[in-house]
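Below: a set of structures, written as structure tokens.
Each of the next two complexes has chain A plus one more chain, namely chain B in the first and chain C in the second.
== the complex of A and B ==
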């Protein structure tokens, strides 16, 4: 059990009271600690970025923010599937970097108890189970809780996200904040 | 009005308020102490100065009295001395020789007088010098003849009772001594024989055989008195000690103003040399005292005065010192206090400024953090609010879609009913045909007519079956429309779920504030899921119904084909009566087939109707769920508005706090 696993467990149970955002990927259910998720958006145009790994699908423009997009199917070495109406992007925020993850289907938010949660099982020395933080066993379903730090802990990814962050025009964001302030004043 | 005033006071900068408070707290005790000590010092200094003056004044007063007592004793001794007796005897002898009358002046120019005079003069001159007199006179008691004078001025030889000196003070002294028989003092007056200089005398009787025969007079020296009064041991720089007579003229010289206020000058020019001060008036009226008064030259002086009895008159003995000198220390105390006050004030301001800074900087910082936090909460609740509104909109759209679906289903339902009616009609027609054909088999004679009839009926059947096929097509197109709408519902349900999940994420990020909202988001999510599964059920049902209607269409087409076959057969009956029997049997079997087919159509129509009823039920369920969905969205919107209201209140408090610290006028706008 790594320190990151403990951290993830803390994030799930101490900070958010056991809330998991669950998604489907290749007919299996995966969980994301809710505090790591930022929002869920429907699938949209992904602009490919040259000279990036294959699982790096590209980037989207989400309300003026450029967010790099990762296809978990490729990352998990699964067969690719065509985009349908259920396909959506979960925007997560890990270590101050924002990424989008493409998943097959959005299931919803569930609240789990601590006794239903098991740390990442030992699959033997040869098998890399770094992407799994733990497993949730419910009456009729099994949810694999993802270790997003490990999935996204890739120097290439970090570099790309830094590159993208630096190109965001700051004025747009600050303008947006100012507009919000003005609106809240008018609200008074 | 009242409120605005209070706000104005509080709108001052907090630093200004703190600073002024500290300055007041620092300076008020200092000022009180300074004023208190100033007063104490003033009292003490005044006491000390008066004590000193009183001491000096009483010493001088005693000395003057002692001086006069000495002079009285001296003249008493002189009057009894042998030398005076000798002088008197010589002058008596000369007086008798010359036989001077009481109205004549005494002759002093003859050689005889000269010889008597020269005989005695040396002794008296020595005496005069030894005791510091200005002159020594001998005056005949009976007539007032001035028989002897050491200075030998114009008064020698004068007759005091009738001569030019009869109104002078020496004449008054003569009559006074003669009448009382005791030594007397005559106060200063201008004396013409001595160049109008002021002169004072003491006279004593010379008694021979208990009879006053002459008087001896000494003229007092002003220098001796001045010497006593101007002795400056133990006096301040500006101290002044002097004597004043009843005529307000000087009896001793002023130390600092001997020009106008010496004895001689004051007698010469009384208007200038008079001493008309409060102290002299009071002392001459017999009062003793001490007071701060205006001096003759209008300066403020501390004055101690008392009456001084001299012979049968009274002088005033006055000691004075300038107020400026007496209170010189006071001025230095005052200056020191001012300097200390200024230093204290600067120190207090500096410390106050540093202290105020040390309080205000962290306060400002925490206020800024609070402000940012409040803005974040505000923006988060705004997002939640907008999300709920979107959800609400989605639910409304869904409701309208459902209405459309419901009306489409109703249309289909009516079509199906018509379909069933037509099928029943077809069935009846087929039954009729069947009976006719049976009749036909039995009555071949009527075969031609019947075949014609049957031909028309078959044409009718063909038409009805065509209608049925059309209805089936209508059902198919309606079902396709429903499938499309269900797709839309699925989309909306997906969006709603996504929004609910986003709301749950925001709620989790909002921490404890978001818990209530998280429950609502969860409910919305499950409602979206329910509505999607209901929609999928409906889609399943619609698929079944489409299949049924497809089957119906197929059957109807087969029926149509059969009808056409019947028609052909009927034509053949009409053409070939021989074949009627076989044809009729064939027709009979065909009609039987048709009957089966039509009953098949009828049953599938019934099935369809049941299916549509189920669809209708499903939709009413969807409608119910959608209503609940909308209600939940409204609830979450109101919850988020509440959160926003709280964050706005928080912002207002933060702004007010800011206003108190910075003292700007913004907080007034808030109020």
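== the complex of A and C ==
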């Protein structure tokens, strides 16, 4: 059990008394720790922002604030689904920043007991299960509790930002180095 | 006012009564009764608390001190029998003053001074006995002023033996900040900084006219305020410095010393040191775990400054003798109202910038919601009213972030003085437009670039007096600094009448550095542009003031980061003008809203040189639609297609697109967009961390229809475009 797991568990049970906001995505039920959820808004126009990972769908205008939107369907490699009247955006806090997450349907808030919760087991190397904090087993339903922090800092995103960094405007210094390289090649 | 006085009076009356009962009914000359002491200490602490809540810092501190002292006696750090009488006398005096204050509602300055003098003494001597404190006669406070002042003069300022120990640790910078101290410190730092600024300005006036009593008094009051609070917080280093400075100024006040240049210099050193200390303290509070970096330098500085203070204070008499005749002379001249820097007593409050940000954001949202409403509403008349009110709100919120540039001028004035001393050149410094209001962000950033330019002028621009005379110029050079508002821009100009930029030299250097080849014919502007290249300096020798070639590129970066621009003009032998063109407000950008596929981008108007709308046959390309360019005024302008640059899906360049021509390092580039929608002032909104790294996107904004527009930084786009080309050529 890593410290992160302990923290998540502590937050879920100690601070919020085991309350989760649950949502549906592709007929599965996911839980978001209630303290991280700020509000739920209906689906609205998402303005794309270029050169960002595909699951970063863009941004919405939330009462004058620009909030980045994560599309979990893209993130979880699901087929895209037409927006219907159940589709909504859950506004959450991730690492002190506000983000919106598009989900198929909002279920509600449930309170879970500690014995119903289990930390995420090891799913093996082939499956990226970082964003799963744990699993809740109830009589007739299973809820996958999300660890939102990991959704953002996963390999796809870092790869892209690395890619961006390598092409980001060069300082004049590095420009000079580049020119030197060109010159030395010419010298050869 | 009356209410608050009555309130305080009522609140503390029962406690004071209880206090007096304890004091009257007990004999404190007999051996210690801890219970009584504890009760007394509690009473003091209660009074202190109530006064503290009402911002009566002085009384609060005094009672708090009494309480602390009682604790010391209780823990047997202090001798009970020896110190108690003095402590009780101090309380008596304090009690009387408190009465006066409550009845008269305003204590006169003299009384305040005695009290704070007493308190300083108390705080300074915490390690000694209370019995050493000089007490004025009870009930005759005013008369005691002189006595008290005399006593202070007799004190000798000595650099303590344990200076290393004391300053080496900079204990207060590392010490844990107690919760109850936090509030005081929060108030203390900005107040102390204000006081320092005030003192600095007064010192400049004193330097001009050493007999300007008003300024000396004002400076004295400033340093005294700092000392008072520092004593309370027990910041040894600040106390030491301010005590020394205060004593010096006190001597000046009493005509025992004349403020000669040496003295003023030392005072400036003290101010600088205090500045550094305060800044460190501030950093320490903000970043809890950060160790201060500049300790080493400070330690040396601190010692020199303290010793010079000691030296100056010890030479009182001789100076007095020498100056007597001069003094008499100056007194015989009728005093035409002495100049004094007015301490602003206008009704103002300190508000954290974040709070203003929240309000301006909210008003911005209001504007947007309103424009949405306007499109659908039926009753336009009511809306019109709301519209007007919102506009008024908005305009005033913007003004809240604007401050006169005067504060920067004052700081630069000081800088120039130091530079003149160092370089020995004779320079007159004139300023215009000190009252011009500028965005706070710009104020915070502009000082460093301005001083840099001025330092360059002083060092490289201004010739020495002989050369000037030989060239038929006035021996005294002039540097002028002016701030004006031109349209939506603030223009800050630094003009000197020095030697001007030497184009030949710059070109030579540029060739040497292989920045340009000899074949190129360059315009004046293009030649001047080399100055902004990192590591570029034509100075023949590196002087103390400047000439290391570091900086002009930083100046340019800073100005660009404020969305501004630098313009240089110069005539050899006549002088140089450097002009900063900055937007009036950094939170609002005047931009062209353009469309590329479904995207809306905003390009700052300041950066657009020219627009070419929907022209069909203006596009050329090198081969196979690659390397698009356009011929503009006989120059080849490379084009950057924004749709392609941002890999916008399903994008195809229009047959007749619109071009925005942008100047970058004196080259012109064209941005290709579908069309220009409109021109608008937009409020910048930060995008989240995930989008910050996207090249060329500086911020976002909400447009009138509620949609999100992306504010671009064309320079970044051009830079990346250029570096991509270099990468490609390397790959090949």
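Heads up, the rule we're going with is that the second predicted complex is superposed on the first by the 151 of 188 C-alpha atoms of A that agree within 3 Å, B and C clash if a C-alpha of one lies under 4 Å from a C-alpha of the other, contacts with A are read in each partner's own complex, and residues count from 1 in each chain.
By our rule, a residue touches a chain if its C-beta (ideal position, glycine included) is under 8 Å from a C-beta of that chain, and two chains touch if they have at least 3 such contacts.
Note that the coordinates shown come from a computational prediction; the quantities given were computed from them, not determined experimentally.
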Quick check on the superposed pair: does A:140 touch chain B, chain C, both, or neither? Answer first, second, both or neither. neither
Given the touch rule stated above, what does A:41 touch, chain B (first), chain C (second), both, or neither? first
Quick one: classify A:27 as touching chain B (first), chain C (second), both or neither. neither
Touching partner for A:16 - first (chain B), second (chain C), both, neither: first
Touching A:51 in the superposition: chain B (first), chain C (second), both, neither? second
May I ask you to decide whether A:79 touches chain B, chain C, both, or neither, giving the answer as first, second, both or neither? neither
What's your read, chain B or chain C touching more residues of chain A? C
Just to be sure I read the superposition right, which of the two partners does A:97 touch: chain B = first, chain C = second, or both, or neither? second
Interface residues of chain A shared between complexes with chain B and chain C: 181
List of chain A residues in touch with chain B within their complex: 16, 19, 21, 34-35, 37-42, 85-86, 88, 106, 108-109, 177, 180-181, 183-184, 187-188
Which residues of chain C touch chain A in their complex? 361-362, 364-365, 368-369, 533-534, 553, 598-599, 646-648, 685-691, 693-695, 697, 700, 702, 706-708, 710, 716, 719-720, 722-724, 726-727, 729-730
Help me check something: in the complex, which residues belonging to chain B touch chain A? 375, 378-379, 382, 490-491, 494-495, 497-498, 500-502, 504-505, 508-509, 518, 521-522, 525-526, 529, 644, 648, 651-652
Of chain A, residues touching chain C in the complex: 45, 47-52, 56, 59-61, 63-68, 97-99, 152, 157, 161, 164-165, 167-170, 172-173, 175, 178-179, 181-182, 185
